[in-house]
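Across the two complexes that follow, subunit A remains constant while its partner is subunit B and subsequently subunit C.
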Partner chain A sequence: MRTGAAARAGQYAALVAYLVFLAFPFLWLVSTAFKPPRELGSLHPTWIPHDPTLANFRQAFDEQPLLRAALNSLVAALGAAVVAVLIATPMAYVIARRRTLLARAATGWVVVSQAFPFVLVIIPLFLVLKNLRLIDSVPGLVMVYVVWALPFALWMLVGYVRAVPVQLEEAAAVDGAGRLRTLVSVTAPLLAPGVVATALFAFVTAWNEFFFALVLLKTPEKQTLPVVLTHFIGAEGVADLGPLAAAACLATLPSLVVFAVIQRRITSGMLAGAVKS
Partner chain B sequence: MRTRPFAAPTRTRPFAAVLAALALLLTACSGGDGGRDDGTVTLRFQSLAWQQESVEANKELVAEWNATHPGVRVEYVQGSWDSVHDQLLTSFEGGEAPDIIHDASDDLADFAYGGYLADLRELLPDRLRKDIPRRSWETTTFGDGVYGVPFLQEPRVLLANAAWLAESGVRIPTPDDPWTWEEFRAVTKELSDPDAGKYGVAWPLKEPVSATLNLSLSAGGQVFHRDADGRAEIRFTAADAVVPRTVRAQVGTDRSASGSTLGMGGSDTLPGFFGGRYAMVPLGFSYRQQVVQQAPEGFDWQVLPAPAGADGLTQGVSPQTLSIAEDSPYQEEAAEFVDFLLRPENMVRLALGDWMLPTGRAALKDPALRTEKYGWSTGTALAGHLRPAPAQSVRGYPEWKDKVATPALQEYYSGAIGLGELRERLVEDGNLVLARYQR
Partner chain C sequence: MTSVTEAGRERTRKAGRTPRAGRERSLLDRHGAWFLVLPALLPILVLSVGPLLYGIALAFTDAQSGRTAPTQWIGTLNFRDLLHDTLFWESFRIGLVWAAGVTVPQFLLALGLALLLHQDLRLRWLARALAIVPWAMPEVVVGVMWRLVYNPDAGILNETLRDLGLGDGRDWLSGLATALPAVIVVGVWAGMPQTTVALLAGLQNTPRELHEAAAVDGAGAWRRFRTVTWPALRPVALAITALNFIWNFNSFALVYVLTNGGPGGRTRLPMLFAYEEAFRFGQYGYAAAMGCVMVAVISVVLALHLVGRLRGGEDA
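Presenting the complex of A and B:
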């Protein structure tokens, strides 16, 4: 018993240490956002600002159109997540269930596609989008994000589909359910956690993406949040730290909110799947 | 941010069809591009201004232009220093570059030689051509053409803890009577108490190449030499070694410079400067703004000229520039806007906003830039000593800097290699790099 209690205490200690490790950058960011310039230049910085201020937030909002940029980012990220999942889910199902040459080729493509650095494709991509008149448009950016997120989304979803026992679908068929009914009533609910996790991945990837947004969007009104954040950074990496931290705090909020809302769904779904299998 | 490489599009037919359909759908949703049909010319001006005062100055000037030039509307586009080269390169390749481009002279060579920038010789008015000194124009001259208007520049100065220096009794240098490099070394030694964690100077040398090369001009160092055919060759003479040897001696022998700051950026040294750990920090002139914003109440600081060598206070600079895209259909209108933006009174506003020096002779005479407050007068006194940064027009310089010079200098300053090996790597490895670009 004593050994068990000590082990549990050790586990909790390790968990707390891990949480602190994960939370440190964010907490430091929050602390910086509330510090006046003089505290930012202090040789002995403190966790809690001596003289907390909202001036950094005011300056950030005064200088840059953060809300509009956040809205653009939200549209792009949500659009990318929804479209990527809509395309990847049926593809993943086919790849997981049908062992055809095409399925194997698609799997190979997913692996190979990870090897292309974005600097290699940005100029051809720019020209393609220009011909499609999708330069300087958020839908164009959504399309790029979808293509960008698709291979990994597909990879994730194939794993989730394979985890759903095919015997369940066969049992449904034996009970008289048609293909569509089986997919809707049996496979889809079991796949939901995977779909949500994949959508989350696509959302966060698009939300944080910087370079494509920088290159593809020209009009200031269409710029996304990561691009606007760089406007607080000058030559040689000199940064307006306070407003940058304030704006970065705001930029992390949507991801945190999305995670908070759906993490229970992911967890419960995974548990439900485990019991059924 | 960029967590994964870009994924290549699939070649499978069904997926291509889905994407094509999606493209059509999204195109239908995206609406028009806001183009004007009323005959008004619209120019896009991509500015890299980022500090609050600087952004305000730029936006105000654009608004003033738009108010007085109804036929030529300028749209202010905010760019970023962080990624300007890649962003511009893609825009140029795609034919979507801004009409007026804010950048720095050391970033222009590839664009100028690549034919992306307009030659400004016939576009700019005499007033502007004559107002900016020839040595500044040299920073934007590539081959036979001029591809940018240099308008803001900053010398490297010594930001000093005035109280500390006064207490020590060392001679305070002025632009008329600066420290020599030897004197500077002696002064920093006198100011230091390394056992108590106090150093005469903190060298922030995260990017050691430009700092070393630009300051080495004062000692007569050139590093890059051109032969009669215009081919560049790297040499490392005794004059080139003056600055590196001084820094190395301060860090290693004298312990008058903190070794821990060698890997730091300029801003990172400021807390130690404010906290009384370093008496002086060699930084760009614009860092004064951060000092004003962040220094503790009552902190007494001053701006001193960088040490002088055989060539006096000469320093290399890479000015900020305004260029016009070769593909712009409105080059003359763009040149008119550049001329407006760089009228002496406007150049002063831009300089004050960025805490830098204007290149224009008329602007430099403005009383606002001659005041002793915040060291402006020290800076303006140095303006006449500023020269084009060595090598900025040498093709292959970026590769030499990243692959050869940066690691070699970092290792030398940290004491890992000696002067002989530094010379060997800079020259022999460096000339191999340059040879590939000059075939």
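Presenting the complex of A and C:
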């Protein structure tokens, strides 16, 4: 369009400023992870390590049970993602296809659940799970994560269901396909990409989650990756920077990969859920 | 179309079934709907709605951890105690400063970025990709990362200040005056992606023709933004700002990792306060009362948001 050269230059300057602001902490984290202890102690740290080393990664695994923590996180996140999608998809279908009181109540709950401070939920949950003997266990954590991931999963899935034209289902029914048959061979294939995106999003949220894991898991062998990461920081707030940075990089990798895959779908899913038919 | 329908009917008859197309239109009768909803409804009731009500009830009891005497109803005693708890109100004030201090710059910066990304600029793909990074990262890692940035010796911030000749820098996260602003910057950084994505989506819904018509009529950039873009963007902007405020007010992990509420409680957000009260000192009832007070504040924000939305409706 007719944007002046000066305005263009200003726009590029602003864009570069944003790029720097967004990228520099992340680059610094990666840089720190590859620095030998001598450089970390130096008073004039540099962006690019003089002698890049993998020692920090080895030391991180020696200092904390990272592998076991990653395994715990994986079990919790996978469990939460699968169960959340399995139970949310049918409900989302009902909400999208029927305007009942229930659908409205569910939508209301999705909104309200965003507003409540975790602390008001975590104390009762803590007491309930204690009575069920599910405290300090990964299955108990999965249950909490499922409910915690449900609002956003429902929100996205309702949007994806609405995007499947109801006329297709009607046509199948007219053609004599039974209810189950229609759902399985008409609706499900069209819904599948959205369901996968929702599951992956639930996976990332559970993988990244910290607060519930901190409160509910006490035994060191059961703790998830974010909780174990905080153990690198000592009681006095003094941390062994190299291994800490290395472990933080490793913990971020799965989330980044998954997010890169689903990024476009998440954006469109947020929109789809937001647009009322 | 008719022939397809005919063929369908034919097939149905051959299969020996009675056509029930009328009833099956939506694929859902009353029982079917309940059957589909129940698997999600039960966990929601047991693990979300139930605990919420239980939590509110706890606020009116003297529930504590490791206590042998049975828990008793104590009416509003917890709330009366809270009223005189200056530490809590100080934490509450910090929470409001933090939530407002993060939400407002977050919105303005995200709006700027969204407007830039909406333009036809080079490097846009890079900015889009980078804008996602803070979103995908675990909050704990965001905290760890900024600790490295703020580190007084090995941190890049002080090194940059030294290079620019702006003094020796300082220990940002332990300084009484700098701790809260420092964590607020991290909060802004961490929350920008969602806001940008939401605003960008809103921008893409603004009518392009209207924009061009306004440009032809000689409206400047600011005027075009005010009269064309903003009215279309307003509902999205209001919704995301209200949500951001609530999320920020309830946030925990970032500040827990960055400062754990220090120095001297200068960054002790209400969530951190309530967490310590409940799980370090075991005062479940008292902590639940704090949670209730936080809910009250959030309700006020939501109410204001709804009023703003209604007023926006009148303008349209």
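By definition in this document, the second predicted complex is superposed on the first by the 215 of 277 C-alpha atoms of A that agree within 3 Å, B and C clash if a C-alpha of one lies under 4 Å from a C-alpha of the other, contacts with A are read in each partner's own complex, and residues count from 1 in each chain.
One rule holds for everything that comes next: a residue touches a chain if its C-beta (ideal position, glycine included) is under 8 Å from a C-beta of that chain, and two chains touch if they have at least 3 such contacts.
All values derive from a computational prediction rather than experimental measurement.
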Partner chain(s) touched by A:Q59 [first = subunit B, second = subunit C, both, neither]: first
Which of subunit B and subunit C A:G140 touches, first, second, both or neither: first
Partner chain(s) touched by A:T182 [first = subunit B, second = subunit C, both, neither]: second
Contacts of A:H231 with subunit B and subunit C, given as first, second, both or neither: first
Touching partner for A:A246 - first (subunit B), second (subunit C), both, neither: neither
First, second, both or neither for A:L19, with subunit B first and subunit C second: second
In the superposition, subunit B vs subunit C on subunit A residues touched: C
Partner chain in contact with A:A115 - subunit B first, subunit C second, else both or neither: both
Which superposed partner A:K218 touches (first subunit B, second subunit C, both, neither): first
Subunit B versus subunit C as contact partner of A:P37, first or second or both or neither: first
Doubly contacted residues of subunit A, that is, touched by subunit B and again by subunit C: 40-45, 87, 91, 102, 106, 109, 113-123, 125-127, 143, 146-147, 150, 208-211, 214-215, 226, 230, 232-233, 237, 239
Residues of subunit A defined as touching subunit C within the complex: 1-3, 7, 11-12, 14-16, 18-19, 21-26, 28-29, 32, 40-45, 47, 86-88, 90-91, 93-94, 97-98, 100, 102, 106, 109, 113-128, 143-144, 146-147, 150, 154, 166, 169-171, 173-176, 179, 182-183, 204, 207-211, 214-215, 225-226, 229-230, 232-233, 237, 239, 241, 244-245, 248, 251-252, 255-256, 258-260, 263, 267, 270-271, 274
Touching residues (chain side subunit A, partner subunit B) in the complex: 37-38, 40-45, 59, 63, 83, 87, 91, 102, 105-106, 109, 112-123, 125-127, 130, 132-140, 142-143, 146-152, 205, 208-211, 214-215, 218-220, 223, 226-228, 230-240
Parts of subunit B lying in touch with subunit A, wherever the complex brings them together: 1-12, 15, 18-19, 22-23, 26-27, 29-31, 33-34, 44, 48, 50-52, 55, 76-78, 80-83, 86-87, 89-91, 93-96, 98, 104, 207, 265-267, 270-272, 274-275, 277, 284, 287, 290, 293-297
Residues of subunit C touching subunit A in the complex: 4-5, 7-9, 11-12, 15, 17, 19, 21, 24-28, 32-33, 36-37, 39-41, 43-44, 47-52, 54-56, 58, 109, 112-113, 116, 119, 121-124, 126-127, 129-141, 144-149, 151, 153-156, 159, 162, 174, 189, 192, 197-198, 201, 215, 221, 236, 243, 246-247, 249-250, 252-253, 256-257, 260, 262, 270-271, 274-275, 278-279, 284, 287-288, 290-292, 294-295, 298-299, 302
